[in-house]
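The next part holds the structures, each set out as structure tokens.
Look at the two complexes coming up: chain A is in both, with chain B in one and chain C in the other.
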Partner chain A sequence: MKIPSIKFKKAGKSKKQIDKVFDQSKWIRGFTIVTVAIWVFYAFIVDLLPYVIASFFQKWLPASTVNESLVWVICALGLNIVVGYAGLLDLGFVAFWAIGGYCAGWFMSDFFYQVNIHFGSMAPAEQPGIHLSFWAVLFIGALVCAAFGVIIGAPTLRLKSDYLALVTLGFGEIIPQVFYNGENIGGFNLSNGSKGISPVDNIGLFGKKLGPFDLDWKYLIFVCLAALMVFISLRIRSGRLGRAWLAIREDELAASMMGVPLMRSKLAAYAVGAFSGGIGGVAFATHVNGVFADRFSFSISIILLAMVVLGGMGNVWGVIVGALSIAWVNTTGLPAFGETVNSALGTNINFPSYNFLLFGGILIFMMLYKREGLLPESRLKQIMHEADDSTSNIGGH
Partner chain B sequence: MESAPVSHSIDRDLLDKKKGVEEMAKTSSRFSTRLLIERSAASIIIGLVFFWLAVNIVKSPSQFFQASVIGIGNGVLYALIALGYTLVYGIIELINFAHGDLFMLGGVFAATFISVWFGQDTPSSTGYGVFFLCLIAVMGFCATINVAIERFAYRKLRKAPKLAPLITAVGVSFIIQFIGIRWNGSGPKTWDSVLPAGEFVISGVHIPYTTIISFVVTIPLLILMTFIVTKTRRGKAMRATAQDADAARLMGIDVNKTIAFTFALGGALAGAAGLLFQQTRGVTNYNLGYQLGLIAFTSAVLGGIGNLSGAVLGAILIGLIQGLNDGLPIGLGQQWSQTVVFTILILLMVFRPTGLLGKPMVEKV
Partner chain C sequence: MTKSALQADNISVKFGGLVAVDDVSFDIPNGGVVSLIGPNGAGKTTFFNVLTGLYKPTSGTVTFDDKNITAKPPHKIAQAGVARTFQNIRLFGLMTAEENVMVAMHSHLKSGIISTILGTKKQRTEERESKKTARELLDFVGIGNTADQFARNLSYGDQRRLEVARALALKPKVLLLDEPTAGMNPQESKTFVDFVYRVRDEKDVSILLIEHDMSVVMKVSERITVLDRGQKIAEGTPAEIKSNKRVIEAYLGKSAESGK
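After this line comes the complex of A and B, so read on.
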């Protein structure tokens, strides 16, 4: 019984360069260097720079954009586990983001003013509501989301891939709508409805309160969370569960014949993906200092999907690159570019409204011409182009 | 000496067989408990729905029938859109996410055609003429766009892994929404209708003329489409391609043309739905297609996707459920309307993915 597992391990080690370069823990050094460099730059150097350069950064890459992009990275890494590793198309990932966000809203604010629970929080003790420490809420949010991932995943396991997409989409619509209409569910105020819950508590770090403008420290926290997700992704990917996911992605029937437990593996993919969605949700709530129901729209799910697809499904580094670039374009790049063009040419074009075209275009062109993404994972590249080699094509392209 | 191992092996065989039988019995009993749970859960849900309907009928019959009329009026529109989903799914097994947005674009086109190009905004005989002209124009317009989408976005991906065309469809949907924003603005726009606004009353139930017109336009279209699919050569080719594209190609059917024709048919129906929606509700918005498209898709699934009469039945039922939920005195109300539809979608997927009229699915290897 041991022979196949040994074989698998050997196959896992003789992978192509990308996997080799970032094999296991080697990535941590480079990651830390980049992280610290960016942190030093934003915390100390930017203020010393001459005004022109400082304002350039203020316009094109403000620190808040960096932080928000990191939240997107965390969520995209989670979606990557579901879509990229296990090959289950999830069009409702925003549900986990929302649940994570509301966990922060419930456990880190005055929202439940009827009670007065404090645990490791920086909020003054006489303040009503549930005030837990940010780290505890992070954990709770991630676990609640993982539980929801299993709840959402369980009924969909028997479905074919396209039906699965629809069911996840359905959940992705229902859950934000429950929050949006949640002002009065049988007399109970679940979510404060469209007003949202704001503000949430500050993050406490070594006895220091991180207010909304302590972006440098929050940056460090978000980077650590992203690194945690990278670590989890890479470790699971090279373990038994990761191999099971890849097998399911490539051929479900063959995988089940080889003894891969389909149910358990798929549920685990949903749970781990949702786990990171929860972390991202809590982090985002502290980033924008509140949760607002109307933010959780279908387009978030699609933007996350575009990030995963653009970067390269299944490759953690590709997904990070995809997430950072799309998040930057969405939050800063497009408006700043529009501003520059409009002021230079004297036109009045609303550039942010082009994001529909941009994301739609990215999805279509990537699927048509570079299905494996910008930084492809070698195995996925083969699968995605398997059909191109086959002689029996209906269309005859 | 020799007989001993043989008998031993026979014993073992018997033992194995016995074990196998036991295991089979175990698994079958597990399946039957699961079936039992599913059945009972399904009957409880259906029972609750009937209880809810009965309470409402007793409480206020006129309101009940009023809500039903509105619901069926919506259901007819959903049917036109749902048919497009079902046709495309039936032939290439793709959930065409962009279909709902095509409907939206049809609505915007109709509004531009009638109100801007022809300047008609009151009921008159010219208005009716323009309405019918627009019906033909919008059907042609949406059919062309749908064929173009198929040609440029989906055709290349027919043999690709399932994930690829699905993601492409989502991308196409976004691009059509972008066209909608450019054309119609980022907010809802209201339009005056060329259709008569009045209503007639049958024992307390108000039936607007627009609902009647929806029926008058939809039913001939449905009959025409059924005729095309079941009686013509093209329809035969469509059905053959849906069954087995490779075999159809070997029989001399031009599969590309047939699939394009299917998209044209679906697009034309979506265009008609767009016109009807724009004229009966008097509103266009770039994100309408997404919402209504999902509802229509749910209808197609409810009826059994790939099944034409199923799509119509499912659409009427979904319209009815939505209308009743929105309009009844004891109901969740309009704000939960979408949630109700999606809950139905999820319950269906769990309990009966084949829908009401669908054939049981066999997994192809």
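After this line comes the complex of A and C, so read on.
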């Protein structure tokens, strides 16, 4: 029996951080200020700036990158519930992203041209296909994903750690493959195969039509969705189910002995995580104005996991930081950096193709020196540093 | 004779060729404090794990509250009212003492995902009340001042107490304590005896102990059952057990009595 010898001062500090979680009003204020500031900047100020500065932002942080990063944030927050809260390693999160995306493809486009269903959509009434309002589709996509979370989870969650990771990895491959090859399932065109479904309808907001280039307004929508996920994460975490997840993460057997139904609690984690994956999927479909099967690759699951780990498992703010930074590097930072280097040195190196080298390096570095992530959950910080202490004792540095 | 709170009939557990528990029948009388003792490897903890649903017995039945609970999933048995503590403390280390206790209230709380997200009045009231109950339980076991500390930061004795508080949060009818005084000093063990009776009387539970410390066992138990190599070799009051020849043989070896 190891008896941890940690000063009580530390525990007191951590307690304060836990209390913060219960106080929702504080973060909402800060979040709103940042959100509005960025929105005002991109909607109004950036056009007024001198060309040099404006083009700097155009190169290093265009509005579309901000929006795409927010989609990653939404999905990473969902994965955080599964991995960070409940401690279940999920390597197939892309499945939910894909299902959410195809919900948008099915219910917000001309794809099912055989029928003509309209509900609150901005599409003209005579246009064939299923055209539901973006908000309805958001809800449907989230619920369909949650249902799939339960369906996928029911058989797989009986497995323990490594096996669970392997099976989720399998599902993460199977579901995008189904869409990729779903052009002709017994004569039924499920997904339009590799051609994908494009375009999807505009988003309707207060009678406005938001097309693919209305980045400012879409930014606001995506931010609200991300905020919703933060809100849901924090609320659930501080409640009955959140405690059960934490207990399962700490000691599964003891949790079940204390009357916590393991399967049901884990399924709930899967469902809530998938819920947000669905929201992210629908949002992403409107962002890129379509769904394309080949985009839902295995690497998305890994990048999402890297975001959660880099930021700090279990801490929504850490996950947001991790998601924003990795998404930025992936979409803009690395290409822009490469462009700068290439034009300065006259070389012709394809920098974006080295992104996995970079991520691999970062992950190894993190595992060596900052295992708990950039902004770790206050609880985890403790245990990770303890591990550091013990290894350094053995290692003798 | 009073009705028994929990009854195990002809329990056998085999792991491959090894018979860990061999046809043991046992019952915990209503409101009683009984002990299960035996040398190392006698099958005590295995038997315990059968009672709490962790192991499926090869044969035999466990009856609780007139219901057959044999091989029910652990959380169902816990919810029905059989709570336990662990020999090697298994608290949720990175949760506060209060949260540890609140986890065990899981089955008594009703708020679902939606009401938690919305923060309905009912949910908030429930949370507040469960928090209050948790604090009361912590006070009851005498560690109320540690409510906000992580379980892993508590002292060893406090961790043991927290385990009892957590088990009591299930509102159990039967409380199983697996070597509760392991690692305690004689002074702590002594106060523990009073503590067990206080738990029994105030929380209205029947208690089964597995215990190594004979002075504790003899003082605390109303009835003792002795296991040796998976078999029940004796059962009786502490006085009877003390003078039972087979028990002494099991503990000290065959020639021990003459040798001493």
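Throughout what follows, the second predicted complex is superposed on the first by the 360 of 397 C-alpha atoms of A that agree within 3 Å, B and C clash if a C-alpha of one lies under 4 Å from a C-alpha of the other, contacts with A are read in each partner's own complex, and residues count from 1 in each chain.
The rule is short, and it goes like this: a residue touches a chain if its C-beta (ideal position, glycine included) is under 8 Å from a C-beta of that chain, and two chains touch if they have at least 3 such contacts.
Just so it is clear, the structure is predicted and the values come from calculations on it, not from any experiment.
Of the two partner chains placed around the shared chain by superposition, chain B is the only one that A:165 touches, whereas chain C remains out of contact. Shared-chain residue A:240: touches chain C; no touch with chain B. Applying the stated contact rule after C-alpha superposition, one finds that A:29 touches neither chain B nor chain C. Measured by the number of chain A residues touched, the leading partner among chain B and chain C is B. By the touch criterion defined above, A:255 lies against chain C but remains apart from chain B after alignment on the C-alpha atoms of chain A. The residues of chain A shared by its contacts with chain B and with chain C are 253, 383.
Here chain A touches chain B in the complex through residues 83, 87, 89, 91, 155-156, 158-163, 165-167, 169-171, 173-174, 177-178, 181, 253, 298, 302, 305, 309, 353-354, 356-357, 359-364, 367-368, 371, 383-384, 386-388, 390, 392-397, going by the rule given at the top. Those residues of chain C whose C-beta lies close enough to touch chain A in the complex are 52, 54, 73-75, 78-79, 83-84, 86, 88-96, 99, 102-104, 106-107, 109, 111-113, 116-117, 119, 123, 127, 148-150, 152-153, 155-156, 166-167, 169-170, 183.
Taken together, the chain A residues at the contact with chain C in this complex read 1, 3-4, 6, 8, 11-12, 14-15, 18, 231-232, 235-236, 239-244, 246-247, 250-251, 253-262, 268, 272, 379-380, 382-383. By the touch criterion given at the top, residues 93-95, 153, 155-168, 170-175, 177-178, 181, 186, 245-246, 249, 255-256, 290, 294, 297, 301, 335-336, 338-339, 342-343, 345-346, 349-350, 353, 361, 363, 365 of chain B touch chain A in their complex.
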